[in-house]
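Look at the two complexes coming up: chain A is in both, with chain B in one and chain C in the other.
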Partner chain A sequence: MGRKLLLTHIDVPGIQSYSVYKAQGGYRSVDKALKSMSPDDVVEEVKKSGLRGRGGAGFPTGMKWSFLAKPEGVPRYLVCNADESEPGTFKDRYLMTHIPHALIEGMIVSSYALGAHTSFIYVRGEMMPQIRILEKAIAEAKAAGYLGKNILGSGYDLELYVQPGGGAYICGEETALLESLEGKRGNPRIKPPFPAIAGLYGCPTVVNNVESIAATVPIINDGGEEYAKIGIERSTGTKLISAGGNLAKPGVYEIELGLPVEEFIYSDEYCGGIANGKKLKAVVAGGSSVPILPANLITKTIKGDARLMTYESLADGGFQSGTMMGSGGFIAFDEDQCIVRNTWNFTRFYRHESCGQCSPCREGTGWMEKVLYNIEHGRGTTNDIDLLWDIQRKIEGNTICPLGDAAAWPVAAAIRHFRDEFEWHINHGQEAQNRNYGLAHYADPLEVVTES
Partner chain B sequence: MAEEVQKFKVSIDGISVDVDAGTTILNAARKIGGDIVPPAMCYYSKLEGSGGKCRTCLVKVTKGSEKDPRPMPKLVASCRTTVMDGMEVQNITSPDVVEARKSVVEMLLINHPLDCPVCDQAGECKLQDLGYEHGSENTRYDFPRRTFERIDIGDKIQLHMNRCILCYRCVYVANQLTNTREHGILYRGDHAEISTYIENALDNDYIGNVIDVCPVGALTDKTFRFKNRVWFTKPVNAHRDCPSCSGRVTLWYKGSDVLRVTARKDEYDEVEEFICNTCRFDKKETADWTLEDPTKVSQESVIASNHYTQFQPPAVIPENTPLKEANWEQLARTEKLK
Partner chain C sequence: MLNVKENLIVDFSPSLLEKFSEIVARYPEGRQKSALLPVLHEVQAVYGWLSVDAMDKVAHYLAIQPIEVYEVATFYSMYFLQPQGKYMLEVCRTGPCCLVGAEKIMDHLEGTLGVKEGEVTSDGLFSWRGVECLAACGFGPVLQIGPEYTFYENLTPDSVDELIGKLKTEAQAKD
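And then the complex of A and B:
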């Protein structure tokens, strides 16, 4: 059994409530940090832990915290990014739903470390159940003296608010999130300045993912060095993986980083193999924005080593033969799945969610979707694959925020690894047209454009 | 005693220039001049927060600074990236930049009709210039373009959303020059469009400036539409004693008639001072104005045709070898015109 740090008490009845959470040892890290540690000590422990951001980029959390500007007389903010909108990723809402106090506890410790006296949990607007759960948990924590003025008599004050988001994928990008939090349209800001210098209301701000913040609790409880002992190389600790697609046991799993991918897919402790005894065809390892890999490359690197669930191992081989840990949205495709349809589906999402500020993303995602729609529906031409390749190349790296890259990478990887499927759709247009996946009612994007 | 401003040395396409700390790469390039200056469709120096969106000004930073000489991993928007001491930048000398710019032009032209023969912006359109410099002869986009009905946003301004490239300049003008936030962006992605709040009229006294800042023909002056081609008119600088703005304008003459009034623009096609609607729309008699002198028009502009003034070579330095190499097109034109 793999070691669990975040989901240890997931099966305890009533763990959503403060009293049960507290009885299970909850809020120890707040007691410890506020009574016996300075804010810098907390930052140091997080640095020692080697914790990397769990939202997707994997940037070292302690280092991110140390970048925070600390000008005199200017407030600092901690904002928890609970927007979680990446297709295939649903681990944060699982954590917030079942153990909301783990996030609240992490927010208090992290806010203390950063010197923030007002913090926000920015939750995607559609997640109303989670918003209510968090609001209730905050009220309970406040009633118990863990929030508000002079927490535990330490002299430290903290107000914590839950803010429903705008319901747009782009609001999960940290600067768009801050714009949205300020009540504006959720458009990404151009960096620099980075939020650590000028974030919320122009003040120094740290934006962290739900899981990253929750992970500070075991780090403070047990010490950063203990945390760093879990996992391997620069991938320390545990990671929540939301496993979906054609797996026998989809769900949210907490794994120790370093677990072989093959074991994660096939062992009974985790996903239990592919549903209905079918063969694995491909995997998107870290949410829809990361490159898809065929079965042979997800279990083994190009050099023949076992692929591990670590930031380094998943990225081994670059985008030629590797992928990314991303946000941990692990989507498996069985042998019956159509990669072209899947790629079109992802692109449809990114086209819909592009904020429209910068030209390559605004126009390029729409263009890609239309070309993919044609290919998927048997109307593609032989030039379309090269055209798609060229469009994604022109989007990648040329946009304001990473949404452009997120739209480009799945297309590039699908063409790189499954070009023959694209060619089949083009060469067998009639057969491709006749396939019915129950999606016939979906609007033809070309018709939508004509109507508007 | 005045505080000494820190100076940074930056090299763009091999040409060095000293600029104040905090200067953007684009403005450093503008200090050098010539073809070395990246194009800008959304950046507007007079509008706070503008820039970074159209991506036409992407450049390659091959050396970050003297302290940290690492190159920047991606192309950066020169209009929003400030220089560091010792920074080295490639613009037209980088094949990556030229390729990226070509891509951006292709993207911008996806939903921009090539109706230059009927568009009032012809001759003053930055996208037209950009298309000539970086565009392809053919389009690879063979899907229907999005189309919109024209909207009169106020009695003097017409919005052609078909032509809009979503540069946001007009939104910044409306937000920064007027007291009410009357118009902005609706929807997302390639469905995004400029609009007023439920097709409201824009009737603020300074709202005419949205016409001047629009780089394409999306916002046009209804008092000038289809009156004449801009290259058949003669621009003349003039001023009047205006109680609400500087009153410094350009009058566009056809014979003895003033066909339109605009704010004066600099060499980068940015207005020097925003003007009020009264000057722009209501003062179209010569008697309303004190005439100054013919407006200086770039020799490269189509507006310069049939305008004979003494030729002044552009601000390139013929003796500078790296600039010669980098700006061979510019130099060729310069030599030709001498």
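And then the complex of A and C:
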């Protein structure tokens, strides 16, 4: 059994409540930090842990915290990014639903480290049940003296609020989230200045993912060095993986980083293989924006090494033959699934969620969707694949925020690894039109070729 | 330009105004515009949608311009600018849910309710639409129903029929 740090008490009845959570050792990190550590000590432990942002970017959390500007007389803010909406990813929803106090505890410790006296958890609006759960947990923590004025007699004050979003994927981008929290459309800001200098209301702000903040609890409890002993190299600690698609046992799993991908897919402790005894065709390993990989490349690198669940191993081979850890949204496709239809579906998502601020993203996502729709529905033309390749290249890297990249990468990877499926659709128009729900016709991916 | 065909003149109740003031108190002095999204959720939970009059009154309450409210209400997918059925069934139609049958669920809903996406049934009870990723990919297909946004997971045509029957009974009991 892999070691668990975040979901340790997931099966304890009533763990949602303060009393049960506390009885299981909850809030020890707050006691320890506020009574025996300075804010800088807390930052130092997080640095030592090697924790990397669990929202998708994988930037070292301690380093991000150390960038925070600390001008005198200006408030600082911690904002938790709980706007989880990357297709394939549902770990934060799971954590907030089942162990809300783990997030509240992490928010208190992290806010203390950053010198924030007002903190917000920005939750996507559709998660209204989770919002209610968090509000109840905050009220319980406050009644127990862990929030409000002079927490545990330490002289430290903190108010914590939950802010609902309005249903916009783009608000998962940190500056769009801050715009939304200020009551505006979620249009990303141009960086610099980064939020650490000018964030919420123009004040120094740190934005962290739910899982990153919850991970500070075991880091403070056991020390950063202990946390860093778990995992491999620069991928330390545990990671929540949301497993969906055609898996026998979809769900949220906490893994020690370094677990072989093959074991994650096929072991009974985790996903239990592919549903209905079918074969694995492809995997999106880190949420819809990361490149899709055919089955042979998700379990082994191009060099033939076992692919591991680490930031480095998943990225091995770059975008030619590798992918990314991203947010840990692991989507498995069985042999009957149609990559073209899925690519069209993902592109529709990005067209729908583009904020419209940058022309390449606003126009490009819609254009790609139209071309993909035509190919999928048997009305593609011979130059459509080249056209798609050209459009995605013109979006990538040419937008204010990474949504443009997120829209471009799935298209590029699908063409790179499953070009024959696109060609089949174009050459078998009538047959493609007669299919129901995207049943497949090709199960084998192309051999990997390195682009010049 | 706002694509609004109807308007509903509203008068916020004292309890709703009290909720507004609790929300505004979360933010620093002068930053009451931050309350806009949560306040709009509260308004929509009461009236089912956001009329121009309701948005104008929110603008007045928060001391901001009406255009600032329209900008937000039109940007985010959760706000309705026209009346919907009493129950709006929102089915996740993004990739992972489609891998496990979301498109079939949407087809089934259309057939069972007899209305196309975005339309309202003649009895005013139901609307449905496809929405983008609901972050429940491991439990797909899923749908949600506001204003509490209750989730219904691992849907099948039979469980959808059962849900619709339950909602009809619930609506009759309330009448």
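What we mean here is this: the second predicted complex is superposed on the first by the 437 of 452 C-alpha atoms of A that agree within 3 Å, B and C clash if a C-alpha of one lies under 4 Å from a C-alpha of the other, contacts with A are read in each partner's own complex, and residues count from 1 in each chain.
We take it that a residue touches a chain if its C-beta (ideal position, glycine included) is under 8 Å from a C-beta of that chain, and two chains touch if they have at least 3 such contacts.
Because the structure is a prediction, the values reported are computed rather than measured.
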Original post:
What is the contact status of A:Pro87 with respect to chain B (first) and chain C (second): first, second, both, or neither?
Top reply: second
Original post:
So, A:Arg362: does it touch chain B (first), chain C (second), both, or neither?
Top reply: first
Original post:
Is A:Thr8 in contact with chain B, with chain C, with both, or with neither (first, second, both, neither)?
Top reply: neither
**OP:** Identify the partner contact of A:Arg185: answer first if only chain B is touched, second if only chain C is, both if each is, neither if none is.
**Re:** both
Original post:
First (chain B), second (chain C), both or neither: which does A:Ala168 touch?
Top reply: both
Subject >> chain B or chain C, by number of chain A residues touched >> reply: C
Original post:
In the superposed arrangement, does A:Thr399 touch chain B (first), chain C (second), both or neither?
Top reply: first
Original post:
Touching A:His352, do we find chain B (first), chain C (second), both, or neither?
Top reply: both
**OP:** Classify the contacts of A:Leu387 with the two partner chains as first (chain B alone), second (chain C alone), both, or neither.
**Re:** first
**OP:** For chain A, give the residues common to its interface with chain B and its interface with chain C.
**Re:** 168, 185, 352-353, 355
Subject >> Complex contacts: residues of chain C adjacent to chain A >> reply: 26, 28, 31, 33-38, 40-41, 62, 64, 68, 71-72, 75-79, 93-96, 98-101, 103-104, 131-140, 144, 146-151
Subject >> Contacting residues of chain A [partner chain B, same complex] >> reply: 168, 170, 185, 190, 192, 351-367, 370, 387, 394, 397-400, 446, 449-450, 452
Subject >> Complex contacts: residues of chain B adjacent to chain A >> reply: 51-56, 58, 74-75, 77, 80, 82, 100, 103-104, 106-108, 110-111, 140-141, 143-146, 165-166, 168, 184-185, 187-192
Original post:
For the complex, which residues does chain A have touching chain C?
Top reply: 75, 84-90, 92-93, 118, 124-129, 159, 161, 163-169, 180-186, 201, 242-246, 250-252, 288, 329, 331, 333, 337, 341-342, 345-346, 349, 352-353, 355, 437-438
